[in-house]
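Below are two complexes that have chain A in common, paired first with chain B and then with chain C.
Entry: the complex of A and B
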């Protein structure tokens, strides 16, 4: 067998029901067709799980995957992906995070970890230099993510661990529970923490010291040095200084910051929750992933005074700030940090959590929820109410038990569907798709639901590289960027690196690491293949053209008279489907397209 | 001398300084060139007052004018106009109202009443069947409009009077004080109540029983009957059933309802302040002007329960509801009725009053005003704060003394110019000019500042007769409708009648009443002449192209990314100026245009 340079070369399969572990070789075929990360995760789920299963049942699987660039000297390859059928959306769930899990899993000999079955009792999984062990977790079940992680680290007496945990939200099967990585990083979206919770898997701790063999170590080092050098450029500087929060005032200035449960696209007090405010008031230091990434977009913030004094997180990111702040009409930055900390400790995705609270606030304001239903006044702009409600959700207490289902299901239960802002069940990220047409399209078609990361079309739209209100060409833009960023998620590298790491750099790096020489076109074809396989997974679950739509608040809501209408969406969808080779009527990939992509 | 059929034929001039009255003949020249109402008012001010005077000084004059159709059988000719240099804007001020004043002034022998000079002590003016008397008003000085009117009526022992009053706001020279007519109707805009207050004229009571001679009484009766018949049409039905408030949900549905001091164009709780809500909860009966107008758009509302039980007004109109409700983020309809009643009693224009409070609320939210400055929390959405602040303004107490200057001056004093939403000092009516381009143009060019009545361009824009986002043709639309509605304001007839009373009806009615046969074109030329004379008045006060602009919140404010930009405005302005025959650079009427209009 040819050694798969750049890969650990093995898959670890853990069956929680039978408490057995199995190691499998990574096939060259899988590597060549699917590259890594996202490709591996989706391929495994598509092949191994039957259609229409309950995501929280024993049949569902949870896949953690790294990619060929992870564990190398490349400082932007610090991420891993989590894949499963999502309990929030009922379709493909995927989410990415950073932290030492990525590097240590690979260096302990595994590119991929597959969790199957379900444990009867709470367990945690140890993977230390290839030794796999399932440990009793009854002592840490019920703890917050942070406390559980501290307990695991202290138990193992090893500081240098990658640790994944779930919090009370994951345990209680909150449909938007996240998987926490090294305390401050989350695989937040799609409720994959609830899948861990259903499997009674409280935590995973990994350490590995293998060296990842690469084809051309000098080449890898040189491109790593280039990345560090280029990261000093102006295009990265803004990100390093302000972090993702730096985008908030830019977005707001363009009327694209969803506010008050997407009633408006502008937040009058944006400056109170801006990066400038953070820099002046709470920032302690910049944090680069694995203490290695030169972009250092992480911001360690500590509240120094007032009611929330002592609260400390890496964050809040832009998306968390949008969801817990403006979208709840809250402008108290320190309270947002507090709510973010609570989400992190309890294991709640901040976007879905914040948006579900915003949805509930509007239900309250409109009289759909009463004080009797909630237990307190749940008005827009009230940080105390936000904080109280997040706790109720994590523990599924009172109204929290309904809201823990996510805003789509909760809105159905409450008869308030028009107020829930989601696509395919996934709450919308904080870019107003009424004034960003390509962003609307990406929300409508992205495989996991309303996603801002698969194509990141908001970036060219917000920076004016493309006309944000133009429809023509948006199908092309979304399609091309989906293919490209699917490659990022397969390698796996951080998308914030795009300005200094483009497709030509990817081709070079992939060759240095694996020895395989792929053209840019061949690499993008892998991305396209994975996008189509994701679509096949979703089609199997029932997804069709009708599913590729937008929430009522975007389609019909009269905000300044500007919506992205069904007609506008259809215009863009037609362009997108044609370029994708998907049937215009059903939205399914055509046989011709699947054949060309080796998917038949 | 030829009898001027349809006119009373005389002007009453009252010099308050010297306490003398003078009657002058109306000249045929004035009638032929300026028709009545608006034409008379502006011509008199232009000819008789020097440039650059202080509007509250003894030099300023206050002109009340009726028109040729007033006092006839035509049920829509129930209005009068008030004209003066405005203390709010420093340029031409004009405002219209209805009530018996119009008919009785004319039937007591006067088409026009000119108030000059300034009384030392409070007075009220009686004009009873041609007998003019100045009476001591020290006993009613300080009373609300309603109490003062009751006192005047009771003093004169005559129920059938037209009574104009000012309230404490007018006495205290609040720059947006209104002139109240028969309790429930106001000449609200431009602060003309403060001019009355400066002249120490508390009230005017009029009764007249002369018959207005018309050229063709049968013709007038037939057209009056036609109007009554046509008023049963569907186009008027909506207005009769819902009143002006019926427009609120239509405007909101198009994202054009200014909300939260124009931060947004959509109010989430519009249904709580809608005509539907009014019909279900507070409406007692429909009110037609002079108990005669068949449109009956007036709505008499009584609050039947709660904190404001017993509050009763004719209203609130759409504009009052916008300004006191959504623009202050208030959705308590009964509190809006209360605030409206307070404005009516104190003599405050509801649009400028509500908008100035909304401006102050935003100042408070942004920390420009503190609780110490205001004396209480002045948050958006708080009806108690609105009500308290309106009282402070009327009596110029505390922060009210600054806000009584209007939002333009107050914003300069507070260093918050960007938050004040006005054109030339007049607070903007409730149609979001960011998404209604012609409406933006009419606000920018209208002679009294941000005016929704001079051209009523919002109507074709909101009803989809023209594309509201199109720029081309908006100059033409504004110009043509300004000319037309200036004719309405000169006749004087109600603009709500347009759907059943167009320019051909005007030509017929004018001939029946006066015997003068004018073509539609000749009539519109009179409108154009008056518009140009208004412009000359303003040019004399310093107005130039730079003044024809829009507030920052419309030009720059990023609401859903949609603004009416300086460039867009300039495009429309150029078209408008060209059609007007005004110099593109200075915005002054060209000599050629003035010569053609007999203005040179």
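Entry: the complex of A and C
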């Protein structure tokens, strides 16, 4: 076996039921076909989990994966991925976050951590320089993510740790519970915190000091320096100044900011929740995922006065602001910071959490939910109601027990399916898919449900690179960008780096790190292979063309007179399926496509 | 003459100290003429900010909306009409 440069070379398997640990060698085949991160996660789940299992059952597995560029000098590779069958959607669940976890896991000797089985009692997992130990977590079960992390750090007496935690929401199996990383970062989507909760795994703490061997250290350093230099460009400077919130007014001014549970696409008081407001009133400093990140899009905000004085978080990001703000018709930025802090402490995904509250607010205003059902008035625009409801959800108290199932299931239980804005059970991000046609297609086909990150088609649509209302060509745009960003998620590098790190840089960096020379086409084929394997996973769970659809609010309720109709979606789907090599009727990858991608 | 309404966001708003301006332009004026007029009024280098020197097209670092629709990178056929609303962002979509 040749050494796998750039990789730690090992997988750690932890069986919580039997409390045993096993180390396996990373196979060269896995590396060559699936690269890392996203590729490893989906391949392991596809091979090792039986079809149609309950995501919260003992049979489900939870995979944490890093990529070959993580832990190297490349400052944009500080992420890890979490993969499992999602309790929110019942299909493939994946989510990414950043912090010290990925670097320390690799430096502890592991590229991948697989969690199996279920512990009888709460535990936390400690991995220090390759030594693995399961520790009693009864003393921290019930704590918020932040308090649990503080307790773990204090217990281990080691400041240099990557710490993942779940909060009360994960423990209570809230279907959109997140995994928190180093306090301020979250693997938010798909409810993977609930999978940790079902396994009674409260936290994972990792530290490693091994050196990651790379094939060409000078080459890696040179490309790292280039990235730092390029990050001084105006394109990235804007990102550093405004953070992701800089997007909000661009979206709103195009009528593409979902407002009041997607009843409208324009928020009149957007200025109150904009990056400009943040810069003037609450911003303290810019922060990177790790100190060495040159982009530093994170914003540390502190509320200095009023009812929420003292609240401090890294955020809110654009998506959190949309979901907890305009979508709930709330224009109080300090209240949004407070709600975001609450989500972070309780371990709730801000997008799904905010959208589920917005759904419940509309149910209340339409008389589907009463004050008796909720315990208080739940009106759009009321920050107190938002904050109270998030707490009820995290602890599954009262109406919170129904809403903790996510908006799809809750809407079925309440007979309000038309009001729930989700695709395949995953609540929609804050780009209005009625006036952004490619974005509509990406929501419909993304493997985890409504996802804005797998193809990031909203970027060319919102900036005039392509016509946002045109249908033709959107299948190509989504397909090509999915393949590319799947590579980003496999290496794993930050997608915000695309303006300064393109496919040619990826080819160079991969060669410098691993010694393998891959053409740009070969790299994109790996991305395509992973997308197809994700589709196979979902097909096994019952997904077909009928599932690749949009919520009724997008199909039938106009924004500025515009919907994305079934006919429009079908036109784009046909183009996309043809380019993907998927059967037009069933949506399944064809035999020929699978053969060509080595997936048979 | 045509009258257009220009709104400023981000750094442009800070530099100019105003949210919006009403601008009169000659018939058949396009985006470049608008930028030149704004430069005359403000002293801020709008052309440097919004135009890619190498291509002469719209810079990839900015977003411009004309009646809520993003101006395409190659905008040269654009002629403003009376009542058009133009929003200038000297930054672009930052992600999220």
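The criterion applied here is as follows: the second predicted complex is superposed on the first by the 600 of 600 C-alpha atoms of A that agree within 3 Å, B and C clash if a C-alpha of one lies under 4 Å from a C-alpha of the other, contacts with A are read in each partner's own complex, and residues count from 1 in each chain.
Heads up, the rule we're going with is that a contact is a pair of C-beta atoms (placed from the backbone, for glycine too) under 8 Å apart; a residue touches a chain by one contact, two chains touch by 3 or more.
Computed from a prediction, not measured in an experiment: that's the story for all the values here.
Asker: Using the superposition on chain A described above, determine whether A:247 touches chain B (first), chain C (second), both, or neither.
Answerer: second
Asker: In the overlay, answer first, second, both or neither for which of chain B and chain C A:108 touches.
Answerer: neither
Asker: Considering only the touch criterion stated at the top, classify A:268 as touching first (chain B), second (chain C), both, or neither.
Answerer: Touch partner of A:268: chain B, not chain C.
Asker: Would you sort A:239 into first (chain B), second (chain C), both or neither based on which partner it touches?
Answerer: A:239 contacts chain C only, not chain B.
Asker: Name the chain, either chain B or chain C, that contacts more residues of chain A.
Answerer: After superposing on chain A, more of chain A is contacted by C.
Asker: Answer with first, second, both or neither: which of chain B and chain C does A:407 touch in the superposed model?
Answerer: neither
Asker: For A:464, decide between first (touching chain B), second (touching chain C), both and neither.
Answerer: second
Asker: With the two structures laid over each other on chain A, which partner does A:255 touch: chain B (first), chain C (second), both, or neither?
Answerer: The answer is both, since A:255 touches chain B and chain C.
Asker: Is A:495 touching the first partner chain B, the second partner chain C, both, or neither of them?
Answerer: The second partner, chain C, only.
Asker: Taking the two structures together, which residues of chain A meet both chain B and chain C?
Answerer: Shared contact residues on chain A (touching chain B in one complex, chain C in the other): 253-255, 468.
Asker: Mind pulling up the chain B residues that touch chain A in the complex?
Answerer: Residues 252-256, 260, 263-266, 268-269, 362, 365-366, 432, 434-435, 468, 557-562.
Asker: Over in the complex, which chain A residues touch chain C? Could you list them?
Answerer: Result: residues 233-235, 238-239, 241-247, 249-251, 253-255, 275-276, 297, 317-319, 456, 458-459, 461-465, 467-468, 495-496, 499 of chain A touch chain C.
Asker: In their complex, what parts of chain C are in touch with chain A?
Answerer: Interface residues on chain C, with respect to chain A: 7, 9-10, 13, 58, 60-61, 63-65, 68-73, 87, 89-96.
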